[in-house]
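Note that chain A is present in both complexes that follow, paired respectively with chain B and with chain C.
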Partner chain A sequence: MAQNEQKVKEPLFHIAKRSSIVWWKAWLIRLAVILVALMISGLVSFLLTKENPLEIYSVIISGAFGTERRIWNLMQNLAMLLCISIAITPAFKMRFWNIGAEGQVLVGGLASALCMILFGDKLSNPLLILVMVITSILAGAIWALIPAIFRARWNTNETLFTLMMNYIAIQLVAFFTYKFSVPKGSGQVGIINRTTKAGWLPVLGNQEYLLNILIVLIVTIGMFVYLKFSKHGYEITVVGESQNTARYIGISVKKVIIRTMLISGALCGIAGLLLVAGTDHTISRDTVAGRGFTAIMVSWLAKFDPIFMILTAFLVAFLDKGAAEVSTQFGLNRSFSDIIMGIIIFFIIGSEFFIQYTVKFRRKEEA
Partner chain B sequence: MWIDFLRRAFMQAIPLLFGSTGEIITEKSGNLNLGIPGVMYAGGIGGVIGAFLYEQNAASINPFLAILIPLLCSLALSLLMGLIYCFLTVTLNANQNVTGLVLTTFGVGIGNFFGGSLVKLVGSDVPSINLNATSNYFRATLPFADKLGWFGQLFLSYSFLAYLAIVIAIVMAVILKKTRVGLHLRAVGENPATADAAGIKVEKYKYLSTCAGSMIAGLGGLYYVMDYANGVWSNDGFGDRGWLAIALVIFAMWKPNFAIAGSILFGGLYIIHNYIPNLDVSGQELFKMVPYVVTILFLIFTSIGKSREAQPPASLGLSYFREER
Partner chain C sequence: MKRNKCMRLIALLAVAVFTICSLAGCGNGDSNKTDNGSSSSSSNASSALANIKVGLICLHDENSTYDLNFINSLENAKKKLGLSDDQVIIKKNVPETNECKEAAFDLVDRGCNIIFADSFGHEPYMIEAAAQYPNVQFCHATGTMAHTEQKANFHNAFASIYEGRYLAGIAAGMKLNEMIESGKITADQAIMGYVGAYTYAEVISGYTSFYLGAKSVCPSVTMKVQFTGSWYDETAEKEAATKLISSDCVLISQHADSMGAPTACENAGIPNVSYNGSTKDACPNTFIVSSRIDWAPYYEYAIKAVAEGNRIDYDWTGNISTGSVLLTEVNEKAAAAGTQDAINKAIEDLKAGKVHVFDTSAFTVGGKTLDSYKADVDTDDNYTPDTEVISNGYFHESEFRCAPYFDLRIDGITTLNEMY
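Moving on, here comes the complex of A and B:
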């Protein structure tokens, strides 16, 4: 009978989904992958600069932590990136692909900049800041609400809708920067209220960025609690996992989508406020500087967990600062950091595969 | 003035047409490649690197090689970008949106990095990259175009890459609609599990279409640098055309032949602010948002109308893992 059995060729290996993985194993895989990625990017840097890779790494570290000022700068960048990542997280958790954070932050910033320009000498400072907070939150929320309503009501593709909203926001900013440019016609608004400092967020304990960092910390913890312990957070998770299940157990999917995007947009508005009133004191089309897109990677890498997001945002902010230092030290273009960041994130994205799936090799046939 | 406007609109349209044709055949396989802007930068800088090295090292410039080398370098670099995307999303089942966005960061980074540092890296003594010689070969037009009045200006005065863009779009439209390969590709994009059950090699089609799409999109970058920008690379010069190409895919309803008309329309909208009399600079900035507003309106109308023609491939953006059927 054995002869009749057809010989089936078994492939060398096949891939199967893991049912579960111990958390430390998952983090071990991630750590190993980041190390490999760092080695590869060291190699790439070496090929491009012909400098000692170890020296490149030490420049990266000193670029991020070298002086007290650099550390504060790093913390500020980390805080801004984290704030936007936190803002988009609830939307992503319900599988609403909001890639319009760039625009939502920008209109938030634009709203506060306009308040600073228009009401700078009309309102008292606390009142002005209150107005700025309200308008920037509203602006961000409205910018997110528009695609959310169409998605909820007519299932309009949100990825492309939010993407297009970014460019409308950018052109709006370009319009207003020409309108209020100083000097006239230069297309730049310059530092707003340089002498009166009207509308500038207060400085805590001589540290320019401390207030921003504290606000972002509060937002992060708030989001963690909101997603983990509130009814809303639970509804977001259910809608993200399966809209049909959500409908079946009586969750109004439309309501959840609109409510979550309102929160997401409002937080983006706050990020815009912090960038304009708390950091730059000016606005341009590059104020957000691609953070709206980087935040998506940060949020996704942390598996939409706000606490882990501190770690992933740190990784990205650190690499960015470090690679920027490499490019100035070795006379390379500033975009060097984008290449290094790209390589490392490609590796991390790839590593998720080995956490979710396992490769099983063909077993030796028994003789 | 009208002829001038149309001519310029058409020249703006070519990079968009390359980009959107590439993205359409990519999306037809169910891969939403948001890395197209990066791929187009990579395609552009690939051509620049090839041309720069050739111009620096060749004793005399052979017109045939001056076109072939940048073309191949551009194709190779955009193919590499497509392969990275495919390996991560198809083989390793990574999230398509995230991978695409990283690819864009990476590609724009590669473009600006080599654009800014190539001279230093090669150790050459020229002050900046200026590829006029190569660009002149790329911009060669039919010799008799000038003699045919407005007809010649409007239809015959472009370089070979411009006509190539239209030819590729038409060929792709025919392949998608009339051939077995096109049918299989559409099946993969609509429902990979069904396609797999019918014996279509899903992974092969996803790889093929995404890589071919990337190479086509990369040509858009090449056209921009060599033709539109006269062989001068400026960082971020390509701008947001890559995203506009993705918007155009929706507007063309996933049909390359519609993308031809759509790209000319978008090209016109992209420069219309230069042709409106008495418009100040801030007004121009407002007008620059027109292409995006038009795309959003179109997106809204097609989704409200539930037009069956204008829907994306059903499995767009989802990765396919056989065991999860």
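Moving on, here comes the complex of A and C:
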């Protein structure tokens, strides 16, 4: 026995799960990793473009914060990304892989747009907006409800199901943008009710995006409270941890799945409403612009904590704006900024590994 | 629990710090803005090219042949006018959403006094931006609304590209004739394929003029059109071209912006008439010729107008004479003999007004020759036909508005699907 044990070669290093880590150590790791990421991306950008990396960083920062307008624009992008991230969070916390946010937001937006087109001159503005709020929430909720029911009843794969629902939503939008395109056949709806502004969400204090930002702030705090302090939030956590445990303690898993997806979809519907009635005032296949997928990363990076999510959504929105500015300023292709963003996010995700696990090196041969 | 609270506190703190940073940024931004304002007003007085700053908003980037054409044309105009690098700012990958308006505003903040946008869907956002900044000129390519909006600082531009398509069609027709003469196909098998983006007047006008050009030299030609439902979708365009090739089309052309269709043609060894620019490098064996709009004459015209304090037309249509409609070099390897000469002759005829592309005696609709047609020139939600466009024996394309409005479905062309 003893001989056998000696034959097993100890590897140079092995990885062990940390039992716990002091909070400041975790943040130290995160900070160090971001610095390393910045250094590597600086090196890559220097090698590829021969531009001064420091200059590239300053352009990234000025792209996001350079003028008052850019800050508002950044906040708007942050708010929309955060709204969708918050929307998918309860589903993900329940381990329901809802990758259909893109479609749920899009149908929500489509519902608002259709109301604006069809009832723009028939209803008074407050009533029209009320109808839009209701229909877009309903549309988003229904889009999420369908895969939820199938999952709860027949245990279908929700990842595939929600993904496929995205394509249906996109084609629906394509159909309606054709039907209502101006001029004929252009495939563009144009700005809806451009002269009457019917169905446009009101502008607060002369700041186009303020209302959106405030609504998203309320949604974020609401979701924090809901997940943290409500019985529903607790049930979601239990179902996510173990469905058997949930059943054992008398939680109806089906009910929780359906209820949570309804909430998730409804919030996506609100995001669609804000995008269409709040800012774009039109609908197209690009309205959501991939935020439904980026939101998954944002939500996961924040470990499904709504308050952290403000930070992670900020990070992504900031990098996005900054990177776009880099490509404008240095005449580079957009792919370049995607590379930089990829490097930074790769490192941040990697840092979570070192927070969860520790690397132990082989000790010197003991005598 | 305690740890979580601490972390949350830090997160909140970080957000607070960022907010403060951004507010500090605000102050700087404001002072910049006032600087810009004063310099632009003095520029009006001195009215020299040195005070010009040009912005361009592109839907995609250089990977799209359409956007590349805009970018290259601006580079050429810049050189010709002697503008420096920092007098031109190009924003790429700007979607047709509120982001377009944001991009335009940002260009204004940087001191641009003339801003171009290249995609159809940018138009309403450019109009909004124009309303907010009356001292900045907003020029939108391919749009339809400037002539009815009548805003002093919002303008549309296009070129009579149907003439270019017609010329490219002649090259296609001659290639078909060559195939018929060599016995490769019979006269009845002279079927062309066309990959279109949308069932939209601009596309219909384009493929019809291309077909009429081919028909003017090869009377037995017919054409099939497959729509993709997108201006830029490489896979869909490749698939559409492949589908057309497999349904007996012996020559392909396209009105969509990726390399999808030309690549499919090169792979299948089917001759291709391209758009937006030469694809000879990628398709050396099958590329015949390409028509394209050169936007440089418009850039020059509009930039000079701003510098000299002149008005820019609401609605500007470039043509062969302004140098806006161009044909690339003919690829001798793929084209039929004598193509260049035939094109040159046709150019002279078009310039002299001897030939009109949409001559009503050259086509029929439902078996009948048209002597009257009302087109929807003034854009409205109900597509109301408002302007008589046929007179003196031809359809007057791009005369009442720069953007095309020819949307007749003429005999000899079959559309395989309808898209958006």
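Just a few scattered comments:
Criterion: the second predicted complex is superposed on the first by the 355 of 367 C-alpha atoms of A that agree within 3 Å, B and C clash if a C-alpha of one lies under 4 Å from a C-alpha of the other, contacts with A are read in each partner's own complex, and residues count from 1 in each chain.
We adopt the following convention: a residue touches a chain if its C-beta (ideal position, glycine included) is under 8 Å from a C-beta of that chain, and two chains touch if they have at least 3 such contacts.
Everything quoted here is computed from the prediction, not taken from an experiment.
Superposition model on chain A: chain B and chain C are shown in a clashing arrangement. Look at A:287: by the touch rule set out above, it reaches chain C but stays clear of chain B. When the two structures are aligned on the shared chain, A:70 is found in touch with chain C, with no touch to chain B.
When the shared chain is aligned, no partner comes close enough to touch A:264: not chain B, not chain C. In the superposition on chain A, A:155 makes contact with chain B only, not with chain C. When the shared chain is aligned, chain B and chain C each come close enough to touch A:187. Look at A:164: by the touch rule set out above, it reaches chain B but stays clear of chain C. Of the two partner chains placed around the shared chain by superposition, chain B and chain C are both touched by A:178.
With both structures placed on the common chain, the touch criterion links A:331 to chain B and to chain C.
In the superposition on the C-alpha atoms of chain A, the part of chain A touched by chain B in one complex and by chain C in the other spans residues 174, 178, 185, 187, 331, 333-334. Only residues 32, 34, 84, 87-88, 92-95, 97-99, 101-106, 108-113, 115-117, 120-121, 235, 240, 243, 246-247, 250, 280-283, 285-286, 288-289, 292-293, 295-296, 299-300, 303-304, 312, 317, 321, 323-324 of chain B touch chain A when the two sit together in their complex.
On the side of chain C, the complex with chain A involves touching residues 3, 6-8, 10-12, 14-15, 18, 21-22, 25-26, 29-30, 32-33, 61-63, 89-93, 95-98, 102, 105-106, 109, 120-121, 123-125, 127-128, 144, 198-204, 229, 376, 379-381, 383, 407, 419-420. Chain A meets chain C in the complex at residues 22-23, 26-27, 65-71, 73-74, 174, 177-178, 180-188, 190-191, 194, 279-282, 284, 286-287, 289, 305, 307-308, 310-311, 314, 324, 327-328, 331, 333-334. Partner chain B is touched in their complex by these residues of chain A: 15-17, 48, 97, 99, 150, 154-157, 159-161, 163-165, 167-168, 171-172, 174-176, 178-179, 185, 187, 290, 293-294, 296-297, 300, 331-339, 341-343, 345-346, 349-350, 352-353, 356-357.
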